[in-house]
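Across the two complexes that follow, subunit A remains constant while its partner is subunit B and subsequently subunit C.
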Partner chain A sequence: MSLAHNFPFFTILLCLLAGVVTSVLKPRAAKYLTLLVSLVVLGLSAATLVLTLRLESSYSFMMGHFPAPWGNEIRIGRLEALMATGFSAVLFITLVAGLYHMPMFVSQKKFSLYCIMVDLALASVLVMLYTNDLFTAYVFIEIITIASCALVIVRQNGHTLVAATRYLIMNLLASGLVLLGIAMLYGITGHLLMEPLQEAVREIYQTGNYAQPLTVVIALITVGLAIKSALFPFHAWAPDTYAFGPPMSSAILSGIISKAYIFLLIKFFYRVIGFDIIRQSHIDDFLFYCGVAGMIMGSVMAISQRDIRRMVAYSSVAQIGYVYMGLGMASMAGVAAALFQMLAHAAAKSLLFLSTHELVSVSGNHKRFHSLHGAGYRNVAAGIVFTVSAMSMVGIPFTGGFIAKLYLASAAIPLGGGMRVLVLVALAVSTLLNAVYFLHTVVSIYRRPAEDVLYPPAHHIPRYVVAALFVSMLMTVYLGIGSGPIMRVIESGLKMFA
Partner chain B sequence: MSKRRSDWQNRPQERFVRWMREGYLALDEAIEDSVLQPGEAPPEVDPELAAQHQEAALQHRHDRDLALDRLAQYDLYAWTLTKGRRLIGRLHVLLSLLLGGMIIFFLLGTVAHMPRFGAADVPANNEVITRYIEQGLAETGATNMVAGMILDYRAFDTLGESTVLFIAACAVLILLRIDLDDKGQPTQQLIAEESDDRHYEPKNDRILQGTAILLTPILLLFGLYVILNGHLSPGGGFSGGAIVSSGLILYLNAFGFKKAGRFFSYKTFQWVSFGALGFYGVAKAYSFYCGANGLESHIPLGTPGAILSGGLIMPLNIAVGLVVACTMYIFYALFRKGGL
Partner chain C sequence: MLQALYENIEQTVAVILFGIGFVILLLQRNLIRKIIGLNIMSTATYLFLASMGYIHGRKAPIVVDGVTQAIHYINPVPTGLVLTGIVVSVSFTGMMLALTVRLYRRYRTLDIDQIALMARQEEVE
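Showing the complex of A and B:
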């Protein structure tokens, strides 16, 4: 085993230790440490990706002296490495572009604590990507649950506290469901490691013993993770949490953390249960219809918002719907399209939250659309970035969102008649709805502002923030132009994954 | 003269057309603009004053939007306050009861299908458990099988669990800690909380203090015993840490924050949890690295049953115990008055 094989393990340990070290640092040092850690994680994850591209199959890494069913284990393949690279890149850019305005939301004394939350959230995301053990996944779900609520709650005003309380309750409920599911699964199989679990599940399926508990387990874990990632009927916590938290936290929550849960769900489907049994249990149909409903309803609710950040938050609900629709098709192509959509949405959504904050802050912190008139001229960079990421959300060619929709549509072609029509119609309708509210917003930020309003002088935006926003924008555009290699990695990764 | 509905401006198609052309509230703005149309050229004004006016106008506009929103919702709002409130409330209760009942029913039904608890042929009774029981002592050097399992076989999970405690403490700190202001002076909130706390703090309660003097050393000693013998007998870092912290909390209750602050301040919490978790992380990183790469870790297991045995288990138990004790103590202090 070469040194490079250790890189995923290094990234996890590095984030955990950075979180611990940050607790005794001064705010300034904490900020730089967090930035450095996310950069190093990005580098190491990219190196892991290069390594796994050379390997024929994924490899497991023993966490300790004892082999897998007895000790802990992580498993690294192309898909995990690709996702880790994508998420850490998004996180790094979000931190560069977002940390400078955090003093508006967090008191100086509590800034180090905020950095701890970011570090530990990254650690848990990495563990959820790499872990090969269901219980390890649950432990880190706990960490990320607390971290994500704390990311919101640093901004202590009434709205945020209410939103965060709701988020906490929903999140804990979901954790409880997942834990219950894992406990029952352990009860009927006697394993926590994924490979023996799958064997045991297959045996249960063939013999028919414990078939009913198995169905309940699948339902509990799926619904638990769906609540955490804001799938449509369980999305009630999402809009307020995203709209009233600090923009950087919203970017991290919506861009990265909710995707990590979905990745875990995909892992559960592929590695623990097996896709053929998932299809038999019809939970994929449930996810499919919820996803389609989310695509439409999320957009409809976004249209009726008058506050730009709530609108962006509702659009998250719609975009998560696309991911679940792909997942619900229960085919290789559908899941690959869902994974691509996850990457495209992660890149565009964090950008959207950050540029929205910039636009709002040059408009006297008013979030109504007509207060934003002319914001695109007052902050040119944020206007351009917002426009491009909105285009990606709508699905205009040369952006990541367009390619994701294209893959979703082509994944629907081999499906049966009714479902195919439903996918295509839903894609068309939701694209139209997305266009209605995003283009309306883009038009309104470029409208001439009312003459009687003098906006407060624009505060100085550091150059590196503009640079980070533009790099992220290029990422979105790259996902739209050079999607071929990424899609090939996803597809070959999925084959290694199962 | 053709008849026009009085609210023709609010018909859906009118609103849609307006929205497409102008955004939401263009008509209101147009009315306001025409009212505010200046008659003659305005006199010279102080730019600072003008800026203030603009700011006020912006604020006013924002407030008016809120008011308009409220007005639009008023009918529904009034209804929900009267009849609707009761109706919807009852509906919610009914639906929640129904849903809860259904979930309970299904889960109970599932439990009936689960393997019998404790039976010999349950699926959980497999090679994993067998190795823990039969070779646990030889492989981990811990007489307490559970300690060997959580701190050696599955040490990564336990690292995660200790991190959960640490992050929970940090989250509560974010939420409840009341700071000195930027100049290091106590803020109004802090002073208020201090004076509030007097109500809860028993002043020189002799019985409590006497009990605390007697019990605190015993609790601390017993906690340390449970932690240090974690690899030999039932107990360990989690339970021992809880006992230690209960001793500390008893002392705090009897003698107040001032005396307790002499040996446990916010800095103590920071450095102890940093030291403990940092040690845990580094020690286990070394052990994981050796294990995964097939290297010898050179950590002696010692004679099973001796106090210095079990490799890393005892130091890790101490680390976990410290984290647990600090976390519980700081939870108590934060919930009581928002600081140490």
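Showing the complex of A and C:
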């Protein structure tokens, strides 16, 4: 085992250590340490990706002194490494572009604490990507819940408090369901590591014992993780949390954290239960129909918003719907398309939240559309970035969103008649709806403002922020142009994954 | 059916308690009651776990008098899980209480619906 095999473990440990060290640092040092850690994690994850591209199969990494059926381990394959690279890249860019305006929302004294929460969130995301142990996954689900609630709550006003309380309550309900599910699964199989679990589940399935408990377990864990990632009927907490938290927190929450839950769910389906049993339990149909409903309803609700940040928040609900629709197809192509959509959405959504903040702040902090008129001229960079990321959300060619939709549509072709028609119609309708509200926003930020309105003098935006926003924009465009290699990595990664 | 429920009385009770806690956390408007619901819910899960690990007639897995065969002891893994779970639920209770204190200082009520109503009337800065 070479040094590079240890990199995933190093990334996790590094984030946790940074969290501890940050607690005694001054705000400035905390900021630089957090930036440095996310950059190092990005580098190490990219190195892991390169390593896994050379390997034929994924490898396990023992944590602690107990071997497989009892101990704890992480498992590293192409897919995990790709996702870790993508998420840490998005997080790094979000930090570079977002940290400079955090003093608007966080007092100087609490800034280090905010940085700790970012470190912990990154650590938990990495653990959820890599872990091979269901209970470890549960513990880090809880850590990420606390961290993300703290990321939202730093902004001290009534709306944020209420939103964060709602967020916490919904997440606690979901955690309860997941924990009960894991407890029941442990009860019928006696394992927590994923490989022995899958063997035990197969055996149970073949003998026909515990058929009902197994279905209950699948339902509990699926619904728990669906609540946490804001799938449509369970999305009630999402819009307020995204709209009233600091923009950077919303970018992290919507771009990265919600995706980590979905990745865990995919892992649960593939590695613990097995897709054939999932199909038998019809939970994939449930996710499919919820996803389709979310695509349409999220967009419909986004159209009815008068506040730009709430609109962006509702569009997240719609985009998560796409991911679940791909997942609900329960085919290799569908899941691969869902994973691609996760990457495309992570890149574009964080950009969207950050550029929205810039546009709002040059318009006297008014979030209504009519006060945003001309914002695209007052902050040219933010205007361009918002336009490109909105295009990705709508699914205009040469952006990540377009390719994701294309893959979803082509994954639908082998499906049965009714489902295929439903996917294609839903994609068409939701693209149309996305176009309605995003293009409306783009038009309104480039519309000439009323003559008599006085805007506050534009604050200076550091050059590195503009650079970070543009790099992220290029990522979105790259996902649209150079999607071939990424898709090949996803597909071969999925084969390694199972 | 009833026979099976009675034979697994601990699990039956645990799931019923879980349901009670879940509904309280979901539906009660009072924040303190919600927190109590949260604790009922998580404690129910611990009962579920602990009762699964218990094997009738065996002892806690602490080696005394040199008895090292596993056959004499109960399964220690669920106990470990319960301990981890307790830590998690304590921290969540702390977090919820902190939020509740902040909300109460600001709005002088514990009713989440009233609080949401009052927050909506505030101007968003």
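The criterion applied here is as follows: the second predicted complex is superposed on the first by the 498 of 498 C-alpha atoms of A that agree within 3 Å, B and C clash if a C-alpha of one lies under 4 Å from a C-alpha of the other, contacts with A are read in each partner's own complex, and residues count from 1 in each chain.
Please note the rule applied: a contact is a pair of C-beta atoms (placed from the backbone, for glycine too) under 8 Å apart; a residue touches a chain by one contact, two chains touch by 3 or more.
It should be emphasised that the depicted structure is a prediction, and the values quoted were computed from it without experimental measurement.
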{"item": "Which superposed partner A:169 touches (first subunit B, second subunit C, both, neither)", "value": "second"}
{"item": "Partner chain in contact with A:179 - subunit B first, subunit C second, else both or neither", "value": "second"}
{"item": "Which of subunit B and subunit C A:35 touches, first, second, both or neither", "value": "neither"}
{"item": "Touched partner set for A:296, first subunit B, second subunit C, both or neither", "value": "neither"}
{"item": "Touched partner set for A:142, first subunit B, second subunit C, both or neither", "value": "both"}
{"item": "Which superposed partner A:213 touches (first subunit B, second subunit C, both, neither)", "value": "first"}
{"item": "First (subunit B), second (subunit C), both or neither touched by A:159", "value": "second"}
{"item": "Partner chain(s) touched by A:419 [first = subunit B, second = subunit C, both, neither]", "value": "neither"}
{"item": "Per-residue touch tally on subunit A - higher for subunit B or for subunit C", "value": "B"}
{"item": "Subunit B versus subunit C as contact partner of A:13, first or second or both or neither", "value": "first"}
{"item": "Subunit B and subunit C footprints on subunit A, overlapping residues", "value": "70, 135, 139, 142, 146, 149, 153, 180, 184, 186-187"}
{"item": "Footprint of subunit A on subunit B - complex, ascending", "value": "19, 23-26, 29, 33, 36, 50-51, 54-55, 57-58, 61-62, 65, 69, 106-107, 109-110, 113-115, 122-129, 131-132, 139, 152-157, 159-161, 163-164, 166-168, 170-171, 173-175, 177, 179-180, 182, 270-271, 273-274, 277-278, 281-282, 284-285, 287-294, 297"}
{"item": "Contact set on subunit A toward subunit B in their complex", "value": "1, 6, 9, 13, 16-17, 19-21, 23-24, 61-66, 69-72, 107-110, 113-114, 116-117, 120, 123, 127, 133, 135-136, 139-140, 142-143, 146-147, 149-150, 153-154, 156, 180, 184, 186-191, 200, 210, 212-213, 216, 306, 364, 366, 368-371, 373, 440, 444, 447, 450, 452-456"}
{"item": "Of subunit C, residues touching subunit A in the complex", "value": "11, 15, 18, 21-22, 25-26, 31, 34, 38, 41-42, 45, 48-49, 52, 77-78, 81, 84-85, 88, 91-92, 95-96, 99-100, 102-103, 106-107, 112, 115-116, 118-119, 122, 124-125"}
{"item": "Touching residues (chain side subunit A, partner subunit C) in the complex", "value": "70, 135, 139, 142, 145-146, 149, 153, 157-159, 161-162, 164-166, 168-169, 172-173, 175-176, 179-180, 183-184, 186-187, 192, 244, 365, 367"}
